[in-house]
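Please find one structure pasted underneath; my questions will follow.
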Amino acid sequence: MNLNFASDNVGPAAPEILAALVEANSASAMPYGKDPFTTRAQDMIRDTFEAPEASVHLISTGSAANALALAALANPWDAIFCHHEAHIEVDECGAAQFYSGGAKLRRVPGANGKITPDTLGAALAEIPPQNVHSVQRGPVSLTQLTELGTAYSRAELSDLTAMAKDAGLKVHLDGARFANAVAAAGCSPADMTWRLGVDALSFGGTKNGCLGVEAVVFFDPEHAWELSLRRKRAGHLWSKGRFLGAQIAAYLEDGLWLSLAGAANARMAELCAGLADLPEAKIVAEPAGNLVFLTLPKPVHDRAFSAGAAYYSYDTDPEGAPDRPVRARIVCDWSKTSADVAGLLALWRG
Amino acid sequence: MNLNFASDNVGPAAPEILAALVEANSASAMPYGKDPFTTRAQDMIRDTFEAPEASVHLISTGSAANALALAALANPWDAIFCHHEAHIEVDECGAAQFYSGGAKLRRVPGANGKITPDTLGAALAEIPPQNVHSVQRGPVSLTQLTELGTAYSRAELSDLTAMAKDAGLKVHLDGARFANAVAAAGCSPADMTWRLGVDALSFGGTKNGCLGVEAVVFFDPEHAWELSLRRKRAGHLWSKGRFLGAQIAAYLEDGLWLSLAGAANARMAELCAGLADLPEAKIVAEPAGNLVFLTLPKPVHDRAFSAGAAYYSYDTDPEGAPDRPVRARIVCDWSKTSADVAGLLALWRG
Amino acid sequence: MNLNFASDNVGPAAPEILAALVEANSASAMPYGKDPFTTRAQDMIRDTFEAPEASVHLISTGSAANALALAALANPWDAIFCHHEAHIEVDECGAAQFYSGGAKLRRVPGANGKITPDTLGAALAEIPPQNVHSVQRGPVSLTQLTELGTAYSRAELSDLTAMAKDAGLKVHLDGARFANAVAAAGCSPADMTWRLGVDALSFGGTKNGCLGVEAVVFFDPEHAWELSLRRKRAGHLWSKGRFLGAQIAAYLEDGLWLSLAGAANARMAELCAGLADLPEAKIVAEPAGNLVFLTLPKPVHDRAFSAGAAYYSYDTDPEGAPDRPVRARIVCDWSKTSADVAGLLALWRG
Amino acid sequence: MNLNFASDNVGPAAPEILAALVEANSASAMPYGKDPFTTRAQDMIRDTFEAPEASVHLISTGSAANALALAALANPWDAIFCHHEAHIEVDECGAAQFYSGGAKLRRVPGANGKITPDTLGAALAEIPPQNVHSVQRGPVSLTQLTELGTAYSRAELSDLTAMAKDAGLKVHLDGARFANAVAAAGCSPADMTWRLGVDALSFGGTKNGCLGVEAVVFFDPEHAWELSLRRKRAGHLWSKGRFLGAQIAAYLEDGLWLSLAGAANARMAELCAGLADLPEAKIVAEPAGNLVFLTLPKPVHDRAFSAGAAYYSYDTDPEGAPDRPVRARIVCDWSKTSADVAGLLALWRG
């Protein structure tokens, strides 16, 4: 039984993806993305997104994908608008600042990990156009699934992108868990991106069964060459690019990416259902995919940890009462089984 | 028969390394380098280099390894001294400038891809200390094997590092083909690095049988935390770090890295021996490892290409005589066989 | 009558300072700060601050002084803690980000333009040490006078610097209106800076009667050479440096800087006293020096503007009632007379 | 007698310019360039250059003017082509790298301080377009007068700008001594800039009788807002901008700038004429304006220095013979008199 629910990243790569890697190793290939695996991966992404003109750049980490995309969309003197809990703000050690040459991140509040038209409007209002003393309005970066495990509805996304467009701003989507969002929504990838006004997507693979690969997708190819140069300059152009290409090709083949995400989402649904008879566990925000934040009484949490469970937990009041609530983040990666979930629930139930 | 001699990077990963990747995939592991594969890889590098204090950071490309190391050694207002044909100067799209915040590369000339005490001395003399108008003297970056396929002798390295130390400067070694250099020299890794005064090494894996992994090795650990932050900020900290760690561990296990490099070097020796009866092919600089530059009469070159051979070639005088010399770069990766080499020679011989 | 209360910067240079400029022009002098005027200015600053070891760098704008100081104190991957209304956050177009290579500004709230131990503590707590995923804790930047025209008491400053020191952080003071603060407090410059734990000061001159000069003062000289290089690299080392030096020397001669600031402060006191019989004008925060924010009924404000008064105003509710309050920022520069102040009051009174 | 020939910068400001500064101080003015002095200066530059659309940004140093202009013309991944002795390469501590976010300077050789079509062509050929591994071709920066005191003829400039345009590259002109070049050529400012294909000019004032002011002139205004933001972000937007504007307005009024430069050039001509009977002094490159490099026997040089003369000298062989040649740079600023020049010549003659 696998009781490590710490992150999507703790799980293994999917067998199909590993097999593709082995297959890609069977012959020589030209370096630096001039190989058939990369070409095929790019074509499959364009097909998957119904975006034949899109520029697609493979890269090995999500932080690099986000920072690269934002650097192409933001001037060094711009503010990038993002949720105050966004990965780019909280968890990337300033990568967007580094890549963009010093752009600011403007933290936009909002419940359940989501920016709202009100909070985005207020943030925009703080930076009136044409004021030389201030940083300038730059792109809006949204996250889908959010860092809290919730999802924007398409209507919510559309409202935000419309507001950005009205202000003449570009929209980036951090899609580290985009597969989980699409699997949950049951819509097409295009319906959750460019048809809603998203200009650039960080399309995640690593968290969902790849070893380490993401794609930066720009639906308008105008930045294609710039992105190639920025990626190279950041040391992110792989010499043996076939190993990135092979992963993405296998990931998209026959909808594997959605199957993997669907499995992870289903496990999370089982976990939440199982919480019904554990009333002292409280869900912080209703999960849309494979990630949830809970509060658990400390003894419940401690019991699970003593028995070998793993997940990120935050004891927000170390001096508090013995049965104080502990905040826990639970993530089901694609490989978790119903038995694993049941096992975790059983530990909590005691 | 494999006639693609374009780069070390065209070859496959070694089976042992691929097997280690598959093995690393068999269980969950904590992310971001907090996994046993990474720890083991770091320990093995420290052992291999007899450097128990060294800080070791795994990273997926050589350009990133070089740029990361140089950013830690150079101030933004420094000049980095390197050979005018160095990879960091010619082939990394300004990565060192990006990572360092704008340091200059000062091109130092020298025959056969090598800086000499004379040329380094002249370059140093151009930047007198304590002149606020000029950029300042920064680290010296050497390359071993050089970009021309030659090697510095240990005495040559020692002379250059001594000159750097006398000027109070740090020394970086770009070791994308360090394995080939050590295999050729038959010395210990320590004898070619810190014992000679090298402060930081980009230790290559990708070119020599890995899928995509390098290590930044600082023999003095003072920059360890800074390197961790710089790597993260550049989007180069892998979430599934075990896949980098597993490669390096397998690479160093039982001296695999030297076996692979030794095989590649041996193939190059066979190729050069085979040129004995092809006098119209001229070796530009005697190769020390697995890479050589040749000039070939154009018809000889054309014959090989028509028959499917691949390598980088430069027709420096497209308007010239039909039998003008073409410059060719030939690289034997670890997987090339004696039959492959013989096959290429046969095509040239016609 | 001069009714332009828009900024300290609208006023002229003091005659003594202009005279010093003319005097400095009477002979040749070596360039780039190797002139006696610069040396004298540096010495006088060291004397004024009882800081014989301090490094002193003259520079022509306050934004550059702040950004230069912060770049020397912050790593590119650091967060700089500052009030959310600080000049460096709101009014410098990201200069600190540019100079530092991408450091973040972390906005710390607080009433009356002032950070408090509570709000600073909360901001620090958001960035636990040794977390590679986050930006790191960097320097604390305080502003004295604050942007709201208030002043930190020395006890308040001491509490904040102590908290910074406990966390191992450096403290920068944006002293664009430092003269006004010292004149108001009646303490020594040292008592408001290094004796309280301030490491670096942007010492303002431009707002207080100079043409354009500030000094970056580091009480510990360890960054002196770095500051010289950063200043040069930013194009802020003047070739005819004597014209900066002459201004500062005249500014400090016989306490001119405090006389000028004292005059400006006195005019503000007169203005506030005069508001006693204008009850519809409300002071937002009790001014400590020469700057105040008020709210005025729109008709009152409009009357003054129609008659030629000038100051920055913000109609926060353009659709509101005709007599809605308008926010106004009033600044007395050193040259304002009691008659000017009376003139403005008269216009408001109608 | 004034024997300080070290730099244009050692001289005083012209009385007309100082008077304008005093005059600009007589009343209040709105800050940050919203003053009539700045507007007038911008208009006068547009008139002077017959360029009614040009964007004009005042700034206090030449290094900042160059770096600002180049940052707007170059991507961070570009190479800027400049003479190997250009001020931006040798004397600005990497300012262009800092402002551009890491662009390279590519050193182009050439006799007498001048790039030639041959050397520029060779430098361009080293960077073939569309190679992702290399930095990309960026702007060409020329210097007029050159650092050696020579001038490009208009035909020479035209050949170089044509070559740049053919390659799709922009052209920047470092005009720290542009006035001296125009005064010497007797052509119109437009004839030496945009009519020849120059896109951006650093128009110098400081070296030629101002206290500290330059103008960045872009003949196509497309970068105007970007330049405003870059200038602000670099801390180079003056709050009391009238003091920059007033200098430039006085500088251009009634052709003062050309009178001052003409005077300086005339003194240099006198100096060179006076060398006729000092055959042991050798002119390195025939001066076109107010600056010359000479070699002088060391005893001749020593005699002048002992008697109080000042200029930059380089003893290239400190171990050499007692009468070895010393390299000397002599600059006549606008204020030097014929008597000063005669005085220096007399000291050399002994």
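Order as written gives the chain letters A, B, C and D; numbering starts at 1 within each chain.
We adopt the following convention: a residue touches a chain if its C-beta (ideal position, glycine included) is under 8 Å from a C-beta of that chain, and two chains touch if they have at least 3 such contacts.
Every value quoted in this text rests on a predicted model; they were computed, and no experiment measured them.
Any chain touching chain A that also touches chain D appears here: B, C. When the C-beta pairs in contact are tallied for B-C and for A-C, the bigger tally goes to A-C. Chain C and chain D have CA centres that are 34 Å apart. For this pair, chain B with chain C, the centres built from the Cα atoms lie 51 Å apart.
We define each chain's centre as the mean of its Cα atoms; on that basis chain A and chain C are separated by 42 Å.
Touching of two or more other chains is recorded for residues 32, 76-77, 92-94, 98, 101, 132-133, 229, 232-233, 237 of chain C. Residue ranges on chain A touching chain D, taken from their complex, read 32, 75-77, 101, 132-133, 136, 226, 228-230, 232-233, 237. Chain contact summary for the complex, chain C toward chain D: residues 2, 4, 6-7, 9-13, 18, 21-22, 25-32, 59-68, 92-95, 98-99, 206-207, 211-212, 229, 232-240, 243, 310.
Taken together, the chain D residues at the contact with chain B in this complex read 76-77, 90-94, 97-98, 100-105, 132-135.
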